[in-house]
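I have a structure here, written as structure tokens, and I will follow up with some questions on it.
A, B, C and D are the chain letters, set down in written order, and residue numbers restart from 1 in every chain.
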């Protein structure tokens, strides 16, 4: 018994690692759907996109790379599904070189499900540098600033860009961004041109962004992976996030259980030691 | 002034560059004449001027300043020079990359000479560094399919995967760290344990399911949100105030040469 | 904010003057600083490394030439000066090319000041990589292979914080950490032996060196913090009892 | 060659990715030769990439093109000044390098004012919290409109202010915390910080787990789905392989457990 209590407090870390590996892989193969509660910021985001008139032109800013794909990839997929279902025209805009191709892949994967076509319903402006200067110039003249899409096609020839010339033609800003450069969107597009903006940060960055949500500068927000899970549930689809959700639940439960187990074993051992000293007649 | 700084090409360019080099060598030679005991004042002066430029630009009153790039610009008389100065500083700063590379090469060349398994790894280092550098510069200069594909293999196939893998290793370490450290040994550790567990339960579907029959205030996700938006903001803000003032004090000490007891002391 | 607005132009110079005045006033006086537990542990950690005859790791974090990293270098200088007389080796991994020459100079200087310039080894101030996780994997490698006995983690850290401290924990190093990156402090707490929190990071050099000027700076910082707190309390009272005036005051500070 | 590589880039990339992933994960067992190899590969690639991006993104557009192609000869000064850094290796001229370092120290100190204002300033006026409830006030000639404060909000604001004051009181260093109020406030400040740190820990766990899940998604679905498609069910095949490997490693490590040091940390909780 004593030995067991000790062992439970000092499980080899490799065993812990193996358990974690189990808990994040098995749920991929066990289909289930645990309903989640939709949080306020997610609700607001959904309503914001719903309130944009059909066929409006929006910007889909995407600034993440492979490092945060776990969160931002799922968010991008969920948001893009909604944008496509709601029949909005969109342009992907990236300030990270990897984001341009990663987001392109997601759009290509989803487009057939919603009858979308690149160039007609959406376009990818690709990777851009010097965000602030780009925004300032783009706000005045989109065609001249952007010039061509990711394949080098002049954007004025694309059907998706018809009637879009300056910032006033943009009806919504979406930004999936693991860093704090989303504030550039707020400062240089959302603020000056009063375009509604929604934001999808990683869970780590979310607490800071609540300030902007409070002040109304951001109209809705997806908080990390859990935001994406809620969103898929609102959309009624089972996408990447829902599958990840089960892995997440399993892994969380594993960690909580390990913490509790270690503590119980420690307390029991302490009590046993105390009892022992009392029995031995020691004045504790 | 603008007559002097005019673009030149061909042999005139070479002449100008040679002049600059000679001029700088002369200036450095003159500087070297500075007596040893006054050198630290020269360094101090340079430090002060570097800081003064940015401090003045920030503090001096501003007025509207319309430029070609920015119709709503504003600034003071220093503002127009900001871009130029930051470009120069970026370029000069970029030369430090050479120092880093020298250091890395020194360490790994020595290991190569030693032989054995360490030498093998150092060889791996040199080969991969050279390959990545060459292909990255090549694919920018000649973006043909072959270069693009090799780059794709090295960058997306290897480098970003290694990045993501090392990043995800943290998940394993979090498990071992929380299991080992979050024990009810002291008041502080207990507080840590309890809030961590409550917040974790609030962010997974299962945790939300446990409390879904209770009134909304007692839901794990509500408690989590309250902690993160209210309690957390207040404490992080208080810490931030202290950090802000602390960093301001360090900046002032470095700028004005008041730092003591470390390298910046003898520097000043 | 790209430029100072009027309240910033008033308040920020005021804070600065208070701090500078206290530094200048402190040159003669004996000043008090309260105990900071984590910092007392530094000497213990150096002693442990010396006893075991194994090296120490002094990380200055991931920052470039910026104030937190320069402060981290100050603390590192102190650690090296204290270890120089025991001839204990200190490895300083560097993640940014711009801070690299500064770190090299600071470490060399620390050995020279203590009268042991021969102990400086150019290869122990090691530039590894400017890429976050390549740096993290290389530091892990150092921790494992050099069998580091004491690990000091001061500076700006991001996600790699836990990689360093867990690896250090695995090799049995005694670990002291302090960072202005508040989000990483919980991970240090979970896996380091001693952690200094928040502002203690900026008080560290004064606490360690007991230099009068630095202690004066601490007094100045305390006064500036108190002033800042007064502004917050005043503003809160205003928005409570005279909401309209409060709104005007906030707008004034905002500069609109 | 070019076409063949073009057709196989994707599958090669998957294989490289999978091997790199397993290579780095091997450190979870213990530091070993395989990890060392991938560590050095990683370091090498990162170094090569650093040199290339410094040239491609900084020196080429900001220096070489204007200097050489556009004939702005005075940019030669940048090289001359930048080369001062290399005097760091010379005893005699070392101080020239220090001069350049001093310039950059000054610049970062001077920029700190703006950094301070951008970080801290908005937090000041955002901390003005009404601690008593009141109804909404319409905009007037004197000032703007003010939103109503509900009793719940007022209570939350009081909690906010108390936390702010307690935590800040912990960070006063220049006098001994003697008075009972100060001692208690500072102690509560420390506890409240632990409360916050627990919350940060808990919420960050999600982000880190998401990364691991993404990696496993790559291993099982991206890599397994394509490279092991011939087995009929690639993801399951990779899963089986992965656990075979893990089991083997566990068997090896637990077998040798006796001669390894105890993993319990004698100093845990003693920070």
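Simple rule for what comes next: a residue touches a chain if its C-beta (ideal position, glycine included) is under 8 Å from a C-beta of that chain, and two chains touch if they have at least 3 such contacts.
Because the structure is a prediction, the values reported are computed rather than measured.
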Furthest chain, CA centroid comparison against subunit C: A
Interface with the most contact pairs, given as the two chains involved: B-D
Per-chain CA centroid nearest to the all-protein CA mean: D
Mean-CA-position distance for subunit C and subunit A (Å): 32
Rounded Å distance between subunit A and subunit B, as computed from the means of their C-alpha atoms: 25
Where subunit A and subunit D are represented by their mean Cα positions, the distance between them in whole Å: 17
Set of subunit B residues in contact with two or more other chains: 58-59, 93, 96-97, 99-100, 104, 156, 161-164, 166-167, 169-172, 174, 176, 178, 180-183, 192-193, 196-197, 200, 203, 228, 232-233, 236, 239-242, 245, 247-248, 250-252, 254, 264
Contacts with 2+ other chains: residues of subunit C: 2, 4, 12, 67, 70, 97-98, 101-102, 105, 128, 130-131, 133-134, 137, 159, 169-170, 182-183, 186-187, 189-190, 197-199, 203, 221, 225, 228-229
In subunit D, residues with contacts to at least two other chains: 24, 27-28, 36, 38-39, 42-43, 45-47, 49-50, 85, 88, 98, 101, 104-105, 107-109, 112-117, 122, 127, 161, 164-165, 168, 171, 193, 197-198, 200-201, 203-206, 208-209, 211-212, 214-215, 263-265
Subunit C - residues contacting subunit D, complex: 1-2, 4, 8, 12, 31-34, 36, 38, 65-67, 70, 97-98, 101-102, 104-105, 128-131, 133-135, 137-138, 140-141, 144-145, 159, 169-170, 172, 174, 182-183, 185-190, 192-195, 197-200, 203, 207, 215, 218-219, 221-222, 225-226, 228-229, 231-232, 235-236, 238-241, 243-251, 253-254
Touching residues (chain side subunit D, partner subunit C) in the complex: 24, 27, 31, 35-36, 38-39, 42-43, 45-47, 49-50, 85, 88, 97-98, 101, 104-105, 107-109, 112-118, 121-122, 124-125, 127-132, 134, 137, 140, 142-144, 146, 161, 164-165, 168, 171-177, 193, 197-198, 200-201, 204, 208, 261, 263, 265, 267, 270-271
Of all residues in subunit B, those that touch subunit C in their complex: 57-62, 74-76, 93, 96-97, 99-100, 103-104, 106-107, 110, 162-163, 166-167, 169-170, 173-174, 176-178, 180-182, 192, 236, 239-243, 245-254, 256, 258-264, 266
Subunit A-facing residues of subunit D, complex: 28-29, 122, 126, 203-207, 209-217, 220-221, 235-236, 239, 242-243, 246-247, 249-250, 253-254, 257, 262-264
Residues of subunit A that touch subunit B when the two form their complex: 11, 13, 16-17, 19-20, 24, 34-37, 39, 65-67, 69, 98, 133, 136-137, 140, 203, 207, 210, 226, 229, 245-246, 248-249, 251-256, 258-260, 262-263, 266-267
